[in-house]
Amino acid sequence: MKFRTLARHLREGCLNVIRNGWMSFASASAIAISLFVLGVFLLLVMNVNNLASELENTVEIRVHLDVVVPEEQIASIQNEIGKIPGVSKITFVSKEEGLDLLKERLGEENEDIIEGYEGDQNPLNDSFTVKVDEPRNVEAVAGQIEAINSGQSPPPIVKVQYGEGYVEKMFAVTNMIRYVGIGLVIGLAFTAMFLISNTIKLTIISRRREISIMKLVGATNPFIRWPFFVEGAMLGIIGAAIPVLVLYFGYGAIVEQSQVELGLMMLQLLSVDQIGWKVFGSLLGIGVLIGIWGSMISVRKFLKV
Amino acid sequence: MKFRTLARHLREGCLNVIRNGWMSFASASAIAISLFVLGVFLLLVMNVNNLASELENTVEIRVHLDVVVPEEQIASIQNEIGKIPGVSKITFVSKEEGLDLLKERLGEENEDIIEGYEGDQNPLNDSFTVKVDEPRNVEAVAGQIEAINSGQSPPPIVKVQYGEGYVEKMFAVTNMIRYVGIGLVIGLAFTAMFLISNTIKLTIISRRREISIMKLVGATNPFIRWPFFVEGAMLGIIGAAIPVLVLYFGYGAIVEQSQVELGLMMLQLLSVDQIGWKVFGSLLGIGVLIGIWGSMISVRKFLKV
Amino acid sequence: MIEMQDVWKAYPDGTPALREVSIKIDRNEFVYVVGPSGAGKSTFMKLIYREEKPSKGQIFVNGFHLGKLKQRKIPFVRRNIGVIFQDFRLLPQLTVYENVSFAMEVIEAPKKQIKKRTMEVLDLVKLKHKADSLPSQLSGGEQQRTAIARAIVNNPSVIIADEPTGNLDPETSAGIMRLLEEINFRGTTIVMATHNRDIVNSMRKRVVAIEGGTIVRDEQRGEYGYEI
Amino acid sequence: MIEMQDVWKAYPDGTPALREVSIKIDRNEFVYVVGPSGAGKSTFMKLIYREEKPSKGQIFVNGFHLGKLKQRKIPFVRRNIGVIFQDFRLLPQLTVYENVSFAMEVIEAPKKQIKKRTMEVLDLVKLKHKADSLPSQLSGGEQQRTAIARAIVNNPSVIIADEPTGNLDPETSAGIMRLLEEINFRGTTIVMATHNRDIVNSMRKRVVAIEGGTIVRDEQRGEYGYEI
């Protein structure tokens, strides 16, 4: 293709966007509104998934030591636990600290129950709080920690707890949230693609006659296709830029606005930086690709003249 | 309008659906897919709202009585609380039952702390657990319960607790869930309406010339409008029936399938009966109305010839 | 029957199409409108059935003052005017039969009568065998004859024919002209734009010549008049 | 140059349009195709530029065997054929200038040449002043002349003209005929369907008469031949 022909196609493609004013508007706004909805859900699902992950990260293993375990052994056990793959953090909780935590859990209302347990009267044992890299591995890690007991007598570790039952239930819920979220986004993406290409098809079907005239005048298929290609890309860019800008600034504003309110609930939205250009870039990309793809498949139908 | 003309319009409207084969398909499928997405979210949001309500219903007021309160007075206090408007259920929790509950809350791990508190050693007081009709009224009801003390000495009620702080936080979360849910559904409904009417407009704009020819042959506006009206309604019915059927049977299947799995998590989806024909009926209604409305506004544009 | 008083027409893009046109066409007249391409013949005729509005001046048709007519009343004026459009304007999704019967459905004629009259008219233009074809399946001349059939089916009091024989061979043209003459004879006013010298010169009628948007000649029993 | 060997054509709906057509048209010939409405003239011409495929038989154009031609090659055959369509087929969104220059852009002509040649051709059909109008803003005859301009702009080796003067007054028609004659004189083959007796009889050329889908007459320097 000669350069001047390419230039012509670019010019014609852009001109066609203007010439088909109403139709272009319909296509671009279908792209814009579909991608906007998709974007909103993408942000929503990402935030919900993030919350789910934060929830999962609260999972920890409590390792209760026997009262009789001497301090040196405590250090060696801590060392051994630290060597288990997947363990990310170990915190030693002395029995005094344990009592304080218990007090907190009981609340004002019942805290007089444990009155008089301070100092030597403390019935609790020392313990470790172990965090794992990957919450899903918590069971395996707990098993390995228990294995430290083997061959030692008396066994220094009295009990290894990680909220059995509760943890599985939580994972089931967070998994469900994730699957539903991903399912919704994928479903919406396909819906958006269908609706957009449907709209583009409709605008092009009304130009079927035009295409056949071009062919009868001696235009080759690529010659006819190129301006449609450019037109589709233009519509995609216009249609995708609007929701991307609205979401970028709108989401930024929401994050800022809700910081105080949500902060009270210990929640936090993902920042615009965390969402990053991945999301906005892919929306833009999807828009342009569907624009081009929609035009191309629709035009192809009418090229067989 | 003569009856035979009405019959003609009905026939023409239906025939037009067939005559415009491809265009009708595009419109009907835009309606179908938009309403399907809307329906999925409607069901999702209704279920989430239901969960939120169930969560709210866990809110209760604990009324701790002084140890010295005699049994007759306990009954009269219970009576008085029962008279407070908004109270739906009062349960008396004796100090023995209170101890059992506390044991449960502490868990195996720490339950030895309260060993030896059984019987006369029980440091807890008797209490009432009060449920309210409307969880949001919990603060007001709690206030009224406290007011029972006034004028009595010693005051028989030691403390009225309803999870201050926690309850407000929970309401903030459930409210947010509700608002986000309703916002999404309303937003989606508008999006669906826009996309559908956009598509219908496109199919009708390509018939602009036809409409102008009809006018030039002496057709009145109602004469032209009627078949479009019928056509729009037909497309709406076809387009809405599909997602309604899919959702009806699909959701029913999901409810059944997930009963066991979700039951383990103490969750439950709303049954098809609970969702009821409100949802499916309104989807069908929306479809038909948008079909008609989309046709009408698009046709009107071209009637000024 | 048809009267224009100092009518001017400029299209929205500024093109002047008609100027200072005043004419009176009586009931039952047969008028040829002739003139070079782009002279304003079609515009002149579009003003009569109100496809276009004049920029200035008054137009009366069948006693209606078009300028003062409510939008809602326009269809009823048009129902008394049968138009053969230069570009046919057939409804592309309807068959030949449906295109013609459509004009009768519009006036809510009884079904039986529609069927009878439509077939009758299709027979007149020799298109009975194409009744179930779509316009896209017709030859140029067949499309034109469908347009003619539609224009005459309701027995309108005025027929506006814009180049009704442009795509017809002389023999078929002669048949159509005989048909129009007969319709005229039975009381219908006919205004017909044409480039066909033979027709004008052999069937002498009133001739109105338009050039550059204005009437330059108006004679009874005139002839085509432009020599090559 | 153009050759048909026992060509038959039936449309998908079963309408028989051509049967047993065999003809040879040499380089630089000028052929009138005449016949009644619906005889098959347009179909005959559509076969040449391959808008329609024959149901049976061989067609050769400019040395290409159309039946054996790959889909991809068709545009290149069409580029040597200028077609004036009976229904004009102008691109509705392009101006008169753009409609004509489009045919040159298709063959990737240099920009400057496009501009020069397009204006030249618009001048030949007397439409320079309408260069920036859209087809919907033109009179019937102006649309037809735009179609003529587009057909000749690339100096094709064959011109297929389907009723090119149907919407033109005799004077403009004569101008167009002089133009076509000159183009023919410079070496272009012309195949023209027409109903215009005057033109055929005054500019004597080869006449092919089609009736009921078959060639019933083929004479050099013939005349229109149908008497009213």
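Note that the chains take the letters A, B, C and D in the order they are written out, and that residue 1 is the start of every chain.
FYI, a contact is a pair of C-beta atoms (placed from the backbone, for glycine too) under 8 Å apart; a residue touches a chain by one contact, two chains touch by 3 or more.
Remember, it's a predicted structure, so these values are computed and weren't measured experimentally.
Think of each touching pair as a link: the shortest run of links from chain A to chain C has 2 of them.
Path length between chain B and chain D in the touching-chain graph (shortest route): 2. The most distant chain from chain C is A, comparing centres defined as mean Cα coordinates.
Taking each chain's centre as the average of its CA atoms, chain A and chain B sit 25 Å apart.
Distance from the chain B centre to the chain C centre is 63 Å, each centre being the mean of its Cα atoms. Per-chain CA centroids place chain C at a distance of 28 Å from chain D. Multi-chain contact residues of chain A (touching two or more other chains): none found.
With chains as nodes and touching pairs as edges, the resulting graph is a single ring in which every chain has exactly two contacts.
Chain pairs that touch one another: A-B, A-D, B-C, C-D. Interface of chain C with chain D (complex): residues 11, 13, 15, 34-38, 41-42, 86-87, 133, 137-142, 144-145, 162-163, 166-174, 195, 197-198, 224, 226, 228. Residues 2, 4-5, 8, 16, 19-20, 209-210, 213-221, 223, 304-305 of chain B are the ones that touch chain C when the two sit in their complex.
On chain A, the positions that touch chain B within their shared complex are 22-23, 26, 29-30, 33-34, 36-37, 40, 44, 62, 64, 102, 106, 109-110, 112-114, 117, 123-124, 159, 161, 169, 172-173, 180, 184, 187-188, 191, 194-195, 198-199, 201-203, 205-206, 261, 264-265.
Those residues of chain D lying in contact with chain A across their complex are 49, 51, 71-72, 74-76, 78-79, 81, 83, 85, 89-93, 102-103, 105-108, 110-111, 150.
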